[in-house]
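Each of the two complexes below includes chain A, the first together with chain B, the second together with chain C.
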Partner chain A sequence: MSTVMGGGSRTAAKAPKPVVSGRERDGRVAWLFIAPVLIGFVVFYLYPTLRGLYWSFTDYSLLGQPKWVGAQNYVDVVHDADFWRSMLKTLQYVVINVGSQLLLALLLAALMHRLTRSVMLRTTLLLPWLVPNVTTGLIWLWLLDTNLGFVNHLLDSMGFDHVGFFMSPDLVIPTISLINTWGYAGYTALLFYAGMLQIPADVYEAAAIDGAGEWRLFTRVTLPLLKPILALVLVVTLIGSFQIFDTVAATTRGDPAGASRVVYYYIYQQAFQFFHMGYASTMAILLVLILGVLTFVQLRLLRASESQLS
Partner chain B sequence: MITTSKPGRALMAGAAALAAILATAGCSSNDSAGGDVTLQYWMWDDTQVPAYQQCADDFTAANPSIKIEITQTAWGQYWTNLATQVAAGSAPDVWVDQSSYYPQFVEDQQVENLTPYIEKDPDAIDLSLYAPGVADMWVIDDQRYGFPKDFDTIGLLINKARADAAGLTEADFQNMTWNPTDGGTFEEVIAKLSVDQNGVHGNEPGFDKDNVENYGFIVEWADGSQGQNFWGDLAAMNGFTYSDKNPFGTKFNYDSPELVETMEWIVSLSQKGYAPSFDQNSSLSRLEVVKAGTAGMTTMGSFNQMLYKDTPDDFYFATLPTGPEGLKSATNSLTDSMYAGGKHKDQAWEWIKYLASPACQDVVGETGVVFPAVEEAAQRSVEARGELGLDASVFTSYLDEPDGTFLLPISMHGTEISQIVQDALQGVALGTTDPETALTRANAEVNELFES
Partner chain C sequence: MSLTTSTIDTHLDTGIGSDLLTLSRRRRLTPGRVIGWIVLILALIITIFPFYWMVKSALTPNAEIVADSGRFWPTHPTMINFARTLGLTTLEESQAAGGSGASVNFVLYLWNSVIYCALIGFFQTLFCAMGGYAFARLRFRGRTILFNMLVAALMVPGIFTLLPNFVLVRDLGILNTVWGMVAPSVLMTPFALFFMRQFFLPIPRDVEEAAMIDGIGKIRIFWNIVLPMAKGPLITIGLITVVWAWKDFMWPLLIGRDESVRTVTVALGVYLQQSPNRQPDWTGLMAASTISVIPVIVLLAFLGRRIVESLNFSGIK
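Let's turn to the complex of A and B:
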């Protein structure tokens, strides 16, 4: 933003005849810079959302013409046991995924912050995040396969029974959650690490002089001062985590018996497999509402705007 | 004033660029300059692209004003892409269609009714050339929406090394019998193929069913509402019919005792240690597990036989066992659908006619990849596989039996029924419900889809 302002006022200074005031001109230049994003937002987010909102009140197969049915879809969703089951599955995924990811990322960030600052290590941590989710899913599908997977060969050689990670209804959601934790923890750790670098070193020194050990430093200094970053990362990962789709689509497609049918996969099935685009839109709109409320509550609970540094 | 207009211009330019992109995307399939037409043709099976490219080249050689552009998209994205293109009004002129999806496209009037074209051109296609039944799949209320491309049947894939270890020869796998009570000679063979960690076979005393090293058989549990790859075939041989009529039944029989008995027998295989329990199955392909020698036998579609063209000596192929009602295999077929919103329907009709003709189907047959619907062309496929050392006659032998093949059910709500029944059967496989309860509940859910 400051670059935009700076650029604007410099032009104003050079201009022989300032027709409009500098401030006004800054505003226009700002709009110019925002325009690509704004157009993108309107065309690819706002317009589809409004279309989706309209479809949520229609019976629409995607192939034919939408037919207005009022609030019928909303009534149906409330009574759709499969929808609520998929919400529960999603929630289970979110809790395991976000919980394990944040813990692991915090641990990695703290180690990077206090032990080593090797660029090499940071790059390595980021590697899984650079792999597309579908590829990640397929790699783990092979590694964890009940009969042919490397992990089960290891278990076998250690004398354990084979484990059907993707085939057991109790294990499938934890498995997919942890696969994505593997994929994203490095990236999240880097965000935390960046936040930790902003904490002044003298705070640590002062605490150390007062006799605080590493654990106490972490809980009393790092964590409280990291709160704004924690809040941001929590909100972002939570929303991202709710949108779990690609890993499921690449591995189990909702099996066994719907045990991994998360809500986005269910919406996808309704829209593109069962051709109930109207109904799928209704569920998507409901999800937007739920996520909106969740984010609001989260931000309030964490009082994200307050940093103890300032 | 220049500064004022800048953002406006940027907006305009952005919008114009976007409009241009949308416009080109929208009409790319409908370019026609100087009378030449390029038809867009979509398919999902990459192994068949070379054969159809050959058909397209031959077709253009005979009809120089019509060019064919083939686009192949993997199955996982095929229907999503097609549906969005239809919604945008820019679907391909002709696409490969499949039985669970095509009724919805017909219902929404996106597939062109071919009957008027046939009436104008009555000698175009000779339906008697096709394998039994497959031409009937594409008729709704006496209106024809397509011609059959190919057909398939189901057989057995056996790992030869596992068979040797069980003392079984190729002859032991031919002419097996099956019934839902004691499993017939089929179950005996499966028992022999099963080996526990101490090397005891399933037919021998002291077989430890809880510590099995090599399973005799692998069941396909992700098989929709049709059970094409196992349970549907066995149930049909036990007298089961899916619905009141086919195609386009509206009342289903998933709760019938013939199917319940069949499922009870299939589940008993895991209970006896002859097949892996559900969660001990591979999440990858069954065929890979048999290939790796972890299990002895599984079912295989005729369309997959070419996977073994480099190692034909490591496997046996056999027909399914004969059940109480005789030997039967499910058969399925594909068709080519014409887009009702297309701009070059007359040219598309010519292309569809050519695809359904012996000329094109012979080309496809010679590759051996699938069995073309034209029976003579299918014979070429059998010969092509024979030259590679693969015995494909097991898959065509069903055609010699009376009612040796049966059509998989085609109905409205096909994809939804598929999910309901598959979920129910996976529940049975997991042991959370028994076959009778699960199937009765699923059947009620399925029939409810047709009550509105």
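Let's turn to the complex of A and C:
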């Protein structure tokens, strides 16, 4: 590596200095600099995007060649009750997960901001985020086990019946949502906390002198000034939340009876269990469109809140 | 989006002021503050307890998992579950301790994960630093359009490119190899590229310009001057990349099915599915889970402060 670099710089150093040739010299070096990212982008982002787009109009089983079927996949998807069910399940997951995660994170961040600067505390809160989702899923699968799980022992000792958190079709999605809230709330709290630290202290002092209490400080100072960060975190969390896969794939695999089959898992099944690659691509495109619209709307909201700040 | 750039050190500026504010208020112990502390301590307990329970279960002999399931400490603590998940026992010993009889070798899976994370962490960071620098500093035709295209890829959900990428890796004949596993992310991710460009944009050009006047070439300037200056963000983005690679599941699951390249996360999933009876082999699973958490704790112990303090907008992914 270093010899290549040395050679390059020698030729560059010998080149004439006038500004006119500067652009060209930049050009050659620049292409060298961006070559790896450009190749990575073309081969693993651009090409697969075009290919996936093409596949969405074909019947492709992973063996042989894709067969052109026009818009058939799109027609099928509209009438696929399982697809819409998985979308609903995903939506349910997203609402519970994002809602609880952001509220909890906001609470923790505000408390830390007003009470302590402890790095120890922040490090501990970050721990679940560093753990693979699969591990988090397994730990909670065990904690919430119907017969032997700690939580059910706890419920037992308080006089309640055992709950089959992963067994009940109604509970499985809320359960998985809250498990991932456990996994990510600390991380999100630290993002909010970092944002709160950027609010100048004198704003609080001024408000406190005016006799504002903690709740008023939070609603009148912290929240409005945190709005841009809130919006950005909301966008990122929402998009990430839609892509729930690991926990489901590692624990329930869509069970009981498809009650936890989220859209990512459904696409995965169509592609790699039933080998409907064309159909899976079509669903992936629909998901892209939905996420695109969501992002667009949210970024508009974000821009609106930014102008408010200035 | 300019939010993302300037956050690296700003908390240091404002931190002092807020510290004074907290200090002056710390004396009064109002009921509100007591409740606040209770909530924080509760959050700490809820954060730590599942890890405790995981380790406790890993130390429980398989035969006593039912009896000990409500106890806070195993009656007869044992290391056998770690030994058998790490592949240190014979098959008979492993089965006697509750294993399924399928081979389990978490030493290998850990090693595979480390290779996977190291390759992605190092090369992605380096290449994105190079690319980010070029997009921030160098002038060349098509720069803006190219950068916008590359960053637009941020919006594409992983599953969309994942399907064709799987087929590509299969057709290249590198399924079940390290190369197939690291291929899509070792060169770039739009996030890392974006982060790096944002980092280079506001840095003053003085040093580089001075070096240029001295006749030092662009490549040497980057290598000898810019990279050392960017050490902090490089480490940050490297760490975040490594953490995400460590957590990766879907792609390694598709590409690295073979045991020889299986990563820890994939192995955990496989282990659950291999469970012999109706009931999963909980003690073994918790031992394996503990093994998957230990590297993370080591990372936190050494770099916790750095990670925590670098986490802000730039840390989002």
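What we mean here is this: the second predicted complex is superposed on the first by the 265 of 310 C-alpha atoms of A that agree within 3 Å, B and C clash if a C-alpha of one lies under 4 Å from a C-alpha of the other, contacts with A are read in each partner's own complex, and residues count from 1 in each chain.
Here is the rule we use: contacts are C-beta pairs under 8 Å (C-beta built on N, C-alpha and C of every residue); 3 or more make two chains touch, one makes a residue touch a chain.
Here the structure is a predicted model, which means the values were calculated and not measured.
Asker: Quick one: is A:Leu223 in contact with chain B, with chain C, with both, or with neither? Answer first, second, both or neither.
Answerer: Neither partner.
Asker: Classify the contacts of A:Tyr47 with the two partner chains as first (chain B alone), second (chain C alone), both, or neither.
Answerer: second
Asker: In the superposed arrangement, which partner chain does A:Asn133 touch: chain B (first), chain C (second), both, or neither?
Answerer: second
Asker: Just chain B (first), just chain C (second), both, or neither: which does A:Trp31 touch?
Answerer: both
Asker: Touching A:Leu88 in the superposition: chain B (first), chain C (second), both, neither?
Answerer: Neither: A:Leu88 stays clear of chain B and chain C.
Asker: When both complexes are superposed, which of chain B and chain C contacts more residues belonging to chain A?
Answerer: The partner making contact with more of chain A's residues is C.
Asker: Touching A:Phe274, do we find chain B (first), chain C (second), both, or neither?
Answerer: A:Phe274: touches chain B, not chain C.
Asker: Check whether A:Val78 is in contact with chain B, with chain C, with both or with neither, and answer first, second, both or neither.
Answerer: Once the two structures are laid over each other on A, A:Val78 reaches no partner at all.
Asker: Report for A:Thr252: first if it touches chain B alone, second if chain C alone, otherwise both or neither.
Answerer: A:Thr252: touches chain B, not chain C.
Asker: After lining up the shared chain so the two structures overlap, which partner does A:Thr295 touch, if you call chain B first and chain C second: first, second, both or neither?
Answerer: A:Thr295 contacts chain C only, not chain B.
Asker: Return the residues of chain A at which the contacts from chain B and from chain C coincide.
Answerer: Dual-contact residues (chain A): 25, 29, 31-32, 36, 39, 43, 62, 141-142, 145, 148, 249, 251, 272.
Asker: Name, in rising order, each residue of chain C that touches chain A in their complex.
Answerer: Residues of chain C touching chain A: 3, 7, 10-11, 14-15, 17-22, 25, 32-33, 36-37, 39-40, 43-44, 46-48, 50-51, 53-54, 57, 65-66, 69-70, 127-128, 130-131, 133-135, 138-141, 143, 146, 149-150, 153, 155-161, 163-168, 183-188, 190, 193, 215-220, 222-223, 243, 246-247, 249-250, 253-254, 264-265, 268-269, 272, 280, 282, 285-286, 289, 292-293, 296-297, 299-300, 304-305, 307-309, 311-313, 315-317.
Asker: Which residues of chain A touch chain B in their complex?
Answerer: Spelled out, the residues of chain A in touch with chain B are 19-20, 25, 28-29, 31-32, 35-36, 39, 43, 61-64, 141-142, 144-148, 162, 164-169, 171, 249, 251-252, 255-258, 269, 272-275.
Asker: Quick one: which bits of chain A touch chain C in the complex? Just the residue numbers, please.
Answerer: Its residues touching chain C are 5-6, 8-13, 17, 22-23, 25-27, 29-34, 36-41, 43-49, 51-52, 55, 62, 107-108, 111-117, 119, 121-128, 130-135, 138-143, 145, 148-150, 153, 182, 186-187, 190-191, 194-195, 197-202, 204-205, 214, 228-229, 232-233, 236, 239, 242-243, 245-246, 249-251, 264, 267-268, 271-272, 277, 280-281, 284-285, 287-288, 291-292, 295.
Asker: Sort out for me which residues of chain B touch chain A in the complex.
Answerer: 1, 3-4, 6-7, 10-11, 14-15, 18, 76, 79-80, 83-84, 86-87, 104-105, 107-110, 221-222, 276, 278-284, 288-289, 292, 294-295, 413, 415-416, 419, 423-424, 426-427, 429-430, 432
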